[in-house]
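Below is one structure, written out as structure tokens; the observations come after it.
By written order: A, B, C and D. Residues from 1 in each chain.
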Amino acid sequence: MRADRVRLLAGMALALWLVLPLVPLAIWSVAHGWRFPDLLPVAWSFKAWSHAFSASSGVLHGLGQSMLIASVATALAILVGVPAGRALGLYRFRGKQLVLLLLVAPVLVPPIAIAPGLHGVFLQLGLTGGVPGVILAHLIPVIPYMTLVMAAVFGRFDTSHEAQARSLGARPWQVFAHVTLPAILPGLLTGALFAFLVSWSQYLLTLVIGGGRVQTLPLVLYGFATSGRNDLTGAIAILYILPGALVLALTARFLTGRAPGLAP
Amino acid sequence: MLRLLAPLMLFTFAAEAETAADKALKSMTWDAIVAEARGGEVNWFMWGGADNINQYVSDHIAGILKRDYDITLNRVPITDAADIVNLVLTEKEAGIDAKGAVDLIWINGENFRSMKQADLAFCGYTDLLPNDALVNWENPAVANDFGVPVDECEVPWNTVQFAFAHDSAVTPEPPRDMASLLDWIKANPGRFTYPAPPDFTGSAFLRHVFIHAAGGPDSLIGPFDQTRFDEVATKTWAILNEIEPFLWREGQTYPNTIAQLNELFANGEVAFSFNYDPSQFGLAVQAGTWPESTRSFGLTDGTIGNTNYTLIPFNSPNKAAAMVVQNLLLSGDAQLEKAKTEVWGAAPAIEISRTSPEVKAGFAAIVGHPSVVSAQDLAKAALPELQADWLTAIEAGWKASVGN
Amino acid sequence: MMLELRGLTKTYPGHDRRTVEGLSLTVPQGSLTALLGPSGAGKSTVMQMIAGLQAPDAGDIRLGGKSILDVPPERRGVVLVFQNAPLFPHLTLAQNVGFGLRMRGLSAPVVAAEVAAMLERVQLAGLGNRRPHELSGGQVQRGALARALVLKPDLLLLDEPLSNLDAGLRDEMRALIMTLQRETGVTTVVVTHDQAEAVVLADRIALLLDGRLAQVAAPREIFARPATLAVARFFGGVNFLAGRVTGGAFDCALGRLPLPRGVADRGVADRGVADRPGTLTIRPEAVRLGQGDGALSARVIGTTFLGTQTRVELSVSGQRLEALLAPEAASALIPGQLLDVTLPTEALWLIPEDQKHG
Amino acid sequence: MTDRTRIFLLLTPALLLLGGLFLAGLGLGLLRSFRYMPALGLTEPDLSAYAAVLASPGFLASLGLSLWIAGVSTVIAAGLAVLSAVLLRQTFPGRAVILFLFQLNLTVPHLVGAIGILYLFSQSGSFARLAFAAGLIGAPADFPVLTQDPWAIGIILQYVWKEVPFIGLILLANLQAISPGHEAAARSLGASRWQAFRHVLLPMLMPGLVAASALVFAFAFGAYEIPLILGAHAPEALPVLAYRSFTDVDLANRPEAYAMAMIIALIGAGLLAVYARLALPSRGRDAR
């Protein structure tokens, strides 16, 4: 019984710790000034929110840019990551270790190491300062996550169902649509959520490759965070969390208890 | 910084001095330029940390541009103009001479010097702008940007003068000159600090101490002088190291940015903040960030004033449209709008005496924010800005001798 | 050492029904007892409680006469060998076998010597450096057994040791368990759901049904003399006749059947009632065809060839009976045919009414 | 189609795209770090940029700071994650809530976490105000220095906040694949609770833990925006220093910026080697 109480207390402490940093952000977003030593703001206001939703703040534009970039990057990562994950999950082959290492490398080598060189390359290709270039740059950390998750998913996949479907008269695309896809879908969604979030949180690559002209939400947020407008910062931060949380809530049933198989 | 020159020389000689298109543009009439600008798109890179300024640009200015000229203005928010200098430089390095990303920059000081030295600015056109006539180019503080001749490479936008803010409820009688400020700091441990350079505002505070150590600005006017610098710098570092133990957190850490200092001031951790643009104080009070009892002041031995500008990079693909934007920004109406307390409160870069009677009346009707010291009061004791080479030397010296 | 369970009770949180209820059982020293029961009967829970991995809600567990309830699992002298996690995958076979000794803090040379001797004994000598995934299923099982026996436990608990093996390996492993148990004399409890396995392996069977102990007896005994209807059914009983006991005989649909000595008295002594309801049962293999003392007339309903035997379904006075016969003896039978059957008196067994529960 | 062709076709798009972008970025950076920039008239590659970087005192301080940040964050986060995973494996009231919060935390960008930590732990932040209300401190200056501090406590707090759920969820997934019987078997074989954890569960979790920790270390070492918000003015974290030198207006400093990037990449490569040794399955066992 004592162990149960310890467990409960530890659990409560953990939950509190997980929520705590988000609390002042939420309060700030509706505060009209909040100075030491006030535990709560003296005056409340929704002006931060109304400004965040106004066109001139660039927040909605940033939200749209982030959404566009993260979605396209995720879609591209699915297109290349699912086949690669299948190869890695189902087969043993020579050089597999090398492929795995190449896949992990972009995640273990910090973006700041690649960004300067990449900027030079993209400059030559005319890809700097625009959304397409930023999407391509985001693929560097996004593809590995997608592929590694899919490798884990295919590692648990039983190909005999595909063979069975073929022998029952299904064409290859029918096999994929009716047998393979439903089987890998939960894992695919997990991978896609991860890919989306990796792109969604990306700061440095967007800054370097976008050259400031591609204003994703993190850049907008950073701008306000470093200019002392805590109320706006709070509102944008909450806006920044929402889509991910929403996607999570929608996919929660696929994710429950089954965390991403990041480790190959 | 001197090492900058060698590789840049290679560049300067390699690059073509001016394209034919630029020459053609400069030979056009203003009406032709406006016609050329129609339907264009201008990417204006500017500091984006103040929502009032953002609103003024995105709503007011962009609205007029769209309505009257069919020009689309994209305000690109940045945190540091140096990043944009670097961007244009990198473009030049990559041979992008006509299709650059940047059409207009809000700029001044060492960033302007860098652009000019590296031949990154589009120059020699400002007299084409009709509203250029409102600018008093006879004023050395306008014709020189941190001591660097403007040479028709940029167009003035605002004038500002450094001021200090205090909470009158906490510090009713603030020190009014540099010597008493330094004494005050020692008498009130932990209640003062300044942002570490290269923060723009922190660097400006340093220059005040530097000028104080030099016994006034007179011996520092003009080009950089290493002997004179070493002499004054020794005294300056001595002063700063002497007050360091009495600073916030005993001077172990300095704020990284002026925003952090503002935050410290807001929470009463320090007694003073300061800014190159005193209208920011009023905005902070309006936003609820700072107490209503905030007041501001200049120093009786003077505070530094300067002018900030807009600049068109050499490789802007929308120069005509950018010129129309600059012309609009200079207009009496636009300058009046941003001078309004509730809009921005920025001091004009034009001679009000040269504007229309309506604009004059508008300026006369402006009631200043109680927290913002008036430009006229500040102007009573103004110091000139030092040339950019002094500035970089002071920043580097601080890093080596004080903030390590 | 002798193991005694007294009134052991366990309910898992969130479950309405008790997993184990009031279980009392004595396992004599040196015996090999099978804890038998269908899946879900609570067998594994009992084992985990004995091993100290689960705490009972009520009751006591005594080993060698002393309660071990407050002794943590690692000091109980009880080793439980799990069905589903035989060897630690990250350790070699030798490291696995030496695991418990190392946990006791024994020196490396001592551990190595003990491990080598033990591996020899389970015929795994020379495989010590292999990892579990490089061993066959049988080798893994033997390794798991070695890992437990090397600790010379006071009590060895084997949880379904044979269920994951195929037929050939199963016989081999069963023989090994019986040999090692005989040699070491370690008191052993084997959990199994397979009654055939329990019968072959154990010298005593404790049958657990729905968390309660249904019967404890030697295999032969429990087969022939089930205490309850449920026990009888679990061991393959199919012939049940409802009726009443009166004066040493049994009245039922088939008429009045004489009962063997002792059977008719079951339960009478403590109740003092001579006339009471009950169920008569007879193993299908004990049913005889043909004339004899007290023969009954029966009609064949159907036959099913089972390989070594043939099952014959009969109807006697409207009552269904099953007989298991040698195939040649049943080869001529056809459905509808009339014949005589005999229920040998010595094979009849009576289950009193009030013990039918479960 | 043979398996070999199939594998080749399946892998090609991902490897081309990834390899192309990643190696191109790295390759150009490498060339320029050797002062090979024909556009600037530099055609004689040499190592002087590396020498200049290594000789500057600021670089070593920044490198040390970043290694400290990444190391301490990773160790604390990994330790707490193991504890949380072990806790969350058991059933107790509120477990589902914590699991949801763990997953929710994954969706919160680092930048948001950094700002949240700043508002909580700064000397005038929420905790300081609570301490003031409780009469523990009389002014913000009395509150411990936890942000923009020389020991980078604020930065480390933010990484711990973000990475405990990250590692924890990976460990939980791994735990699901580990039969609980192993631990019970260990207990039954005479291992104490701690020994069973130390000798059985932990070794089994190790590959996942190492892999996740390597990712965390890499991120904490390489992130730019978090130290910018939570760090002290000096020394700067290495990525901040590197970015600053990359955006230095002085073009002559550019090779040094590239050299710094390559040194950071080298540290990433070191991590990769650790990862390959400890986290990738060995001896031909595949990645399942």
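One rule holds in what follows: a residue touches a chain if its C-beta (ideal position, glycine included) is under 8 Å from a C-beta of that chain, and two chains touch if they have at least 3 such contacts.
Since this is a predicted model, take the numbers as computed values, not measurements.
Peer 1: Return the chains common to the contact lists of subunit A and subunit D.
Peer 2: Per touch definition, common to subunit A and subunit D: B.
Peer 1: Please name the chain that ends up farthest from subunit D once chain centres are defined by their CA atoms averaged.
Peer 2: Most remote chain from subunit D, centroid-wise, comes out as C.
Peer 1: Averaged over CA atoms, how far is the centre of subunit A from the centre of subunit C? Could you give it in whole Å?
Peer 2: 55
Peer 1: Distance from the CA centroid of subunit B to that of subunit C, rounded to the nearest Å?
Peer 2: 91
Peer 1: Counting in whole Å, what is the centre-to-centre distance of subunit A and subunit B, each centre being its mean C-alpha position?
Peer 2: 38
Peer 1: Indicate the residues of subunit A shared as contacts by at least two other chains.
Peer 2: Touching at least two other chains: 35-36, 120, 222, 226, 230.
Peer 1: Specify, in ascending order, the residues of subunit C that touch 2 or more different other chains.
Peer 2: Nothing qualifies.
Peer 1: Two or more other chains touching the same residue: where does that happen in subunit B?
Peer 2: 83, 94, 260, 263, 267-269
Peer 1: Got a list of which chains touch which?
Peer 2: A-B, A-D, B-D, C-D
Peer 1: Using the touch definition up top, name the residues of subunit D that touch subunit B in the complex.
Peer 2: Residue list for subunit D touching subunit B: 39-41, 122-124, 139-141, 145, 148-150, 228, 231-234, 246-253.
Peer 1: Under the touch definition given earlier, write down the residues of subunit B that touch subunit D in their complex.
Peer 2: 1, 3-4, 6-8, 10-11, 82-83, 85-86, 89, 93-95, 111, 114, 118, 190, 196, 248-249, 252-256, 260, 263-264, 267-269, 399, 403-404
Peer 1: Over in the complex, which subunit B residues touch subunit A? Could you list them?
Peer 2: Contacts found on subunit B: 43, 45, 48-51, 54-55, 57-59, 74-79, 83-84, 87, 90-91, 94, 96, 101, 257, 259-260, 262-263, 266-269, 284, 287-291.
Peer 1: Using the touch definition from the top, list the residues of subunit C that touch subunit D in their complex.
Peer 2: 13, 48, 51-53, 72-75, 78-85, 88-91, 99-100, 102-104, 133, 147-148, 151, 157
Peer 1: Along subunit D, where are the residues that touch subunit A in the complex?
Peer 2: 3-4, 6-7, 9-11, 13-15, 17-19, 21-22, 24-30, 32, 83-84, 87, 90, 92-95, 97-113, 115-117, 119-120, 124-126, 128-130, 132-133, 140, 158, 161, 165, 169-170, 172-174, 176, 207-208, 211-212, 214-215, 218-219, 221-225, 228-229, 238-239, 242-243, 246, 257-258, 261-262, 264-265, 268-269, 271-272, 275-276, 279-281, 284, 286-288
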